[in-house]
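The next block holds one structure in the form of structure tokens; read it before the comments.
Labels run A, B, C and D following the written order; every chain starts at residue 1.
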Amino acid sequence: MTSQLILDKVSAIFSEQLPFHRHLGLKVVRYDTEGVEVAIDMADHLIGNVHQQILHGGVTATLLDVTGGLTAFAGVVAREVDPGIELLQQKLPKLGTIDLRVDYLRPGRGQRFIATGTIIRTGNKVAVCRMELHNEEGSHIAFGTGTYLVG
Amino acid sequence: MTSQLILDKVSAIFSEQLPFHRHLGLKVVRYDTEGVEVAIDMADHLIGNVHQQILHGGVTATLLDVTGGLTAFAGVVAREVDPGIELLQQKLPKLGTIDLRVDYLRPGRGQRFIATGTIIRTGNKVAVCRMELHNEEGSHIAFGTGTYLVG
Amino acid sequence: MTSQLILDKVSAIFSEQLPFHRHLGLKVVRYDTEGVEVAIDMADHLIGNVHQQILHGGVTATLLDVTGGLTAFAGVVAREVDPGIELLQQKLPKLGTIDLRVDYLRPGRGQRFIATGTIIRTGNKVAVCRMELHNEEGSHIAFGTGTYLVG
Amino acid sequence: MTSQLILDKVSAIFSEQLPFHRHLGLKVVRYDTEGVEVAIDMADHLIGNVHQQILHGGVTATLLDVTGGLTAFAGVVAREVDPGIELLQQKLPKLGTIDLRVDYLRPGRGQRFIATGTIIRTGNKVAVCRMELHNEEGSHIAFGTGTYLVG
């Protein structure tokens, strides 16, 4: 089994099976060994400020946390010489956020929000990732830093 | 106008008018000069892990962030000698999260989750709050620390 | 070997052998299964603001980080049924800070600063601790939250 | 008075007058509108681990915090149409760290450590900066994120 097949399965689980992701409309739009992208289209139910029509900060935190978790798990898969389907059964359920910091840079205005992530510390127990959220025009909405339990 | 009337109005806005709060089912169940409580009842759409039926980490982050913001705003109201309705029009729209840290302590299992907050640094520009999330049995799910722009 | 003997040895290493601790004048003044206290006496070389004679924020961060590490290691010792001297050789060198958050509450004025810590999440790989810094009059200077690799 | 003259004065104060910086040997080696660099040469008194000869995590936190503060203040100067010497008397004393997060990526080994910073959120009250620490070979030791009060 290739790494990409494993990432495709995780991507499908995160986009289609997780109830909270479906409730929000969050989608994993890219997930390969080179990068992760998680996106959400602006919708009435995501608004946190009626006057200003901006994204709720909890949606921002959710997008960054999910993206960090996927980034950390991609690191787990990349560390395996011969990755197999058992990673989904043994490692994915152990994946968990230890802590998350979100820096809100500007109000979440836009039609579509895209989160991306990078691993900054990797190990067989803990990974640390940095994440960013931009809107469809490339305006930078938020930064995130997350520490994840990976094994 | 008393401080409590202002807090009651904010509480109503947060529970009934904010689209994202209604979409999740989040309610401000207490809001006075002594404390804040924000609660959510467990529901299928809040689940972040199908096998384990636990609360999504993004819901935890949302509850803590909302609670921190309310805690910071209660501090703004408490600083006013003669608080008036203009606080809602002038100060509430300026309330914003600068940064948020969430420490996830244990899986979010339970029937109901309650977030509470305390101010740890107060000023006329910035407030820092600490928040906690417990389930209905008092099990401690998460800690939060947030820095808020208040003026 | 009792847990207390191990903690005493760690305390001696931290107070007397670590060059940076000696350079600052930092001392572990209490270290048992009930708690940790790390203290420093105000001195000219610790000042970060010439006009106001206040403690440099880097000293605050140092005190909180050291206290968090000691708190996490006390948790490691407490988890052992029959703790032995090998903990010092095998576990202590593996102790490391993954991330640290410091919340500065008020200027570091005082004659003596005392840091204390509590474990909020414990495991066989990672521990999360909360720390506080007070001056000799009990004025609360700073909060800290640290995530530590413990195994 | 030009912005650069103001930054030069701040640089001199930070390198030569602040007691804690002199005690450690910390120097501002670059400070202009394009960037900040704070450096320290490895020395026995900065060691936090006798066996491994690595930089104490408190030194890392100090370097990142100082660099973030300087980065935030450069932002203050850059916002002024006609910056004058009064910035040093009125704005510099108000500069303070609200919170700091440090992510320790790898052990602090090296001969010289250099911290750099970037503003990610700017305003007339609060600035948020990201900082990095590298050794002389370009190895990435730590990341930092700090929120600063600037007015």
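Simple rule for what comes next: a residue touches a chain if its C-beta (ideal position, glycine included) is under 8 Å from a C-beta of that chain, and two chains touch if they have at least 3 such contacts.
Quick caveat, the model's predicted, so the values are computed rather than measured.
Participant: Could you compare the number of C-beta pairs in contact for A-C with that for A-B and name the larger?
Facilitator: A-B
Participant: Compute the rotation angle for the C-alpha superposition of subunit B onto subunit C, expressed as a multiple of 5 degrees.
Facilitator: 180
Participant: When the C-alpha atoms of subunit A and subunit C are each averaged to a single point, how far apart are the two points in Å?
Facilitator: 33
Participant: Take the average of all CA coordinates in subunit A, do the same for subunit B, and state the distance between these two points in whole angstrom.
Facilitator: So the centroids are 23 Å from each other.
Participant: Touching at least two other chains at once: which residues of subunit B meet that condition?
Facilitator: 98-99, 101, 103-104, 121, 128, 145, 147
Participant: Considering only the defined contacts, which subunit C positions touch subunit B in the complex?
Facilitator: Contact set of subunit C toward subunit B: 101, 103-106, 120-121, 128, 130, 140, 143, 145, 147.
Participant: Any idea which subunit D residues touch subunit C in the complex?
Facilitator: 17-24, 44-52, 56-59, 61-63, 65-66, 93, 96-104, 107
Participant: Which subunit C residues qualify as touching subunit A in the complex?
Facilitator: Within the complex, subunit C touches subunit A at residues 98-99, 101, 121, 123, 125-126, 128, 145, 147, 149, 151.
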